[in-house]
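Next come two complexes built around chain A: one with chain B, the other with chain C.
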Partner chain A sequence: MLTEQSAYTNRWRWVSPTAKGILTCSGIVAAFAASSPRASLLVAALLMATAIFGAGIPATRYLRVGAPALLFLGASCLSLLVTLKFTHGGGTLTMQSNPAELSHIARMCGRSCACLTALLLLTLTTPLSDIISLLRSCKVPDTLLDLMTLCYRTLFVLSAAIHETITAQSARLGHSTLALSLRSMGGLVANLTIQVWQRSQALHIAALARNNDGALRFLEHPFAHSRRHITMASGAGVTLILLAVLIP
Partner chain B sequence: MNDAIIRLEEVSYRYPDGTSALNNCTLGIHRNRRTAVLGANGAGKTTMFLHLNGIVQPTSGRLFWGNTPLDYSRAGLRKLRSKVGMVFQNPDSQLFSASVREDISFGPMNLGLDISTVRQRVDKALQAVAMAELADKPVHNLSYGQKKRVCIAGVLAMEPEIIVLDEPMAGLDAAMQLELTAVLEKLHGGGITIVIATHDLDFAYGWADQTLVMESGRVLAHGTPDDILLRPEVGETLGATPQVAEIIHSLSLIGIDLRGNGYLPRTKDELVKAITAFAGREDTP
Partner chain C sequence: MHIMEGFLPVSHAIGWSIASAPFVAVGLRSINKKIAEHPEQRMLLGVAAAFTFVLSALKMPSVTGSSSHPTGTGLGAILFGPTALAPIGGVVLLFQALLLAHGGITTLGANIFSMAIVGPFAAVAVFRGATALRLPFGPSVFLAASLADVMTYLTTAAQLALAFPDPAGGFLASLAKFAGVFAITQIPLAICEGFLTVVVMNALIRFNARELREMNVTPREVIRA
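Moving on to the complex of A and B:
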């Protein structure tokens, strides 16, 4: 939901998604092209600064969205760094780390950070409908995109349905004890399954009524100054990649 | 009956589970009229509407567009659906895209129009339902009434000849209802035939110029509201009569005849005006 909010309210909402896409791709390329962990961390820092100072995403929100991914990254790096060994003789558990692998892990960690910030830049500044039309112009198969469109929409419809069902159940004391709660959960799942089916049926009928015969087609939003934005993004992207390669 | 734009002749429809939803239903929708379809829950209003759009085909009986039987081929359905726009009851089950503009463009894009025409129509439809300011809000952050208006805009953008709305007023507050009525009035003024299923008898009495009362899958009565809605058998199936009509009737019992100048009030506002006028007449002998 936080991502969702920023996507609709940031300063770059009306910047062409193509431009933002180019910047993100350059960020990912730069992450892999980086010659050292230091370079990739610099790329990450630049991308983060772009999101916060360029697109005007509040720093706290940025960190909150990025935190789960960062934690996950930290945990995995740690587990790569440290290996547990069970020594046969004494039967004791020891922790070992292999210094030879250290640089390898640091590079991977840096890369992941840069990729993460690149993707965050796109998702925090661009609503999913715009990302989907961007993917469409990149010739991603229609079926996949239709699925994304429907899932995105259905996500909100169903989350509202879940919320309402739980409220209704609580109102009739359905969640007052653990046992009742489990029972109500079962009811919720059963009810939701039927709802999903009925809603898909209703959507199908509604699509027919509006003369649909297969692929979902929508009008794309025209973005002002998109050529200028794309040029700027390309310039910034190339600079980013060069920086990543040249910094030792 | 012959000037009907679309009509059902002896149509019966049985759902796959065996429920018989329409029984020898014969009716016609007239061009440029405001038609209100009334009937108790389960009377078959929604099922009848699904026939008008070719979503379901009658189990027996036939439908006509003017005088030609409906053509259920791919091309025929395409043509029918571009002429009959259908707004369903639940907005959440008919909005596809999370973007208002995109969703409204869905129908016109399906019609295969070129991009600039689609863009024009989307803007025009947004204006018509007064949603232009909210066009860039995601659908899931809109209120129920606003979603409903997006649904109507989605159909308007296809520029149909008939718009069929299934209980459009349900769930709207009084102000929204008035606004929606104004939107419908504007559309009707623009030459669109409007058909509405509703449970709001008072609205139907004041708004419609044709009423169609359904009971267990068939038409119980069809005609002007004055003619139909005061009949005892209609009152029985609907469980009520229009309040304005009831008040006029009660007033006539105590000797106040608002019919005086041949004009019968149909809405609350008209009634108040008529009573005020009557009082004025009494005061100045």
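Moving on to the complex of A and C:
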């Protein structure tokens, strides 16, 4: 996963997750508080520059991660640009472009871009295990955190199993036609579903062997200069929000 | 179909989060109860969440040639029940936002409502309805999985239409627009996922009949046959 690769290799890996969380929340608040599309696009540009130049995320990887969301944004904006008119008498349907809505759409586009860059700043610089620790400090229920921890620790194992199975199926021409591909996919998912039971049983036995009788706890990384990072992130966040509100 | 980060106005984002919260809370309560009775279920639910996540990364053969992926909503609802799927779906959607930038944190409530609440409940309702009508097992599973996808996609279109009503035609015209634009990928996806879920259930009946019987998923005569 591209985000995970960046999260473990960027320059901000050892910056406190709380500080990065504060900066992300400030970015989202700034996106919603922005007074104009120009202001929200400026917020987006600043957050993107912070991730690329500050945290050292490669620009191509950044764009690849954001591309699916931008595709959704493009399709949705296309829908908003067009107006449908139902004519009751003739029972016809007319479609026309709506230039009056342009400023509204531009504002929404700017807001989405700014929020997306805020989210990417967090996800591309912070491993999910650190985000789960951050959520634990925010008093998220233990059951939900256990689900997240188990999900995170198992998804790479299942991903590896999927890749191996697809390679084996492809080697036997299991994906050569649409029908064969659907059949192979069905076999793969069914096999994985069975593995869900087997692997969970194995995990349960392993946890019992370690005397586990409650929530799953793991050692957390200590973050040096945490207080300094949080102060800096808070300052940057307030500045970002002020910029978004004050820029016309 | 995930609504992207920041796309919904703040009032809608908060509103959908409030609407989803009770379902997630009830789901968590039912999971806690299950775990208290059967501690091994904690691992099962966690691994099931990972399974749902990796399903969304699979590329499914689609009749339009578009890149589609299974959602696992129908399969998960039939296997684990719709109540447990709200928190599991919430975790999966949060992971998709954080690991793949699909969806978002501000739109998490809206996405949970469409994918982890409406979809699973629709799947179970259709599956039980079809079973009550004595439809064969395969078509029942196909209808449940396909209609769960269709309901999820229609709910998302309705959420977008509520947030952005058409200036001339209002909510209905906006719903028609959003549903029309996303139908190109979502309808073939629903049909393909329906077939895929049938293939998966058939394989499970062949190789994992005991587990399915314990979960009351399949009628005994289907397993015996």
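The rule we apply is simple: the second predicted complex is superposed on the first by the 216 of 248 C-alpha atoms of A that agree within 3 Å, B and C clash if a C-alpha of one lies under 4 Å from a C-alpha of the other, contacts with A are read in each partner's own complex, and residues count from 1 in each chain.
Going forward, a contact is a pair of C-beta atoms (placed from the backbone, for glycine too) under 8 Å apart; a residue touches a chain by one contact, two chains touch by 3 or more.
From a predicted model like this one, the values you see are computed outputs, not experimental measurements.
Trainee: Contact-wise, after the overlay, does A:193 reach chain B, chain C, both or neither (first, second, both, neither)?
Mentor: second
Trainee: Figure out whether A:66 sits in contact with chain B (first) or chain C (second), or with both, or with neither.
Mentor: second
Trainee: I'd like to know which partner A:203 touches here: chain B for first, chain C for second, both or neither.
Mentor: both
Trainee: Classify the contacts of A:234 with the two partner chains as first (chain B alone), second (chain C alone), both, or neither.
Mentor: In the superposition, A:234 contacts neither chain B nor chain C.
Trainee: Can A:149 be said to touch chain B (first), chain C (second), both, or neither?
Mentor: both
Trainee: If you count the residues of chain A that each partner touches, which comes out higher, chain B or chain C?
Mentor: Higher number of touched chain A residues: C.
Trainee: For A:128, is the partner it touches chain B (first), chain C (second), both, or none of the two (neither)?
Mentor: both
Trainee: With both complexes overlaid on chain A, does A:219 touch chain B (first), chain C (second), both or neither?
Mentor: It touches chain B, and chain C stays clear.
Trainee: Between chain B (first) and chain C (second), which does A:28 come into contact with in this model arrangement: first, second, both, or neither?
Mentor: A:28 sits against chain C, while chain B stays out of touch.
Trainee: Would you tell me the residues on chain A in contact with chain B in one complex that are also in contact with chain C in the other?
Mentor: 4, 128, 149-150, 152-153, 157, 199, 203, 207.
Trainee: Chain B touches which residues of chain A in the complex?
Mentor: On the chain A side, the touching residues are 4, 8, 127-129, 149-150, 152-153, 156-157, 160, 199, 202-203, 205-213, 216-219, 221-222.
Trainee: Of all residues in chain A, which touch chain C in the complex?
Mentor: So the residues of chain A in touch with chain C come to 1, 3-4, 28, 31-32, 65-66, 68-69, 72-73, 75-76, 78-80, 82-86, 98, 100-101, 108, 111-116, 118-120, 122-123, 128, 131, 141, 143-144, 146-155, 157-159, 162, 178, 181-183, 185-194, 196-197, 199-201, 203-204, 207.
Trainee: Where on chain B is chain A touching in the complex?
Mentor: The contact residues of chain B facing chain A are 50, 53, 55, 74, 78, 81-82, 85-86, 88, 90, 92-99, 101-103, 105-111, 115, 118-119, 122, 137-140, 154-155, 158.
Trainee: Over in the complex, which chain C residues touch chain A? Could you list them?
Mentor: The contact residues of chain C facing chain A are 1-7, 10, 28, 31-32, 35, 39-40, 42-51, 53-55, 57-58, 60-61, 63, 70, 75, 79, 87-88, 90-92, 94-95, 97-102, 104-106, 160, 164, 166-169, 172-174, 176-178, 180-182, 192, 195-196, 198-204, 207-208, 211.
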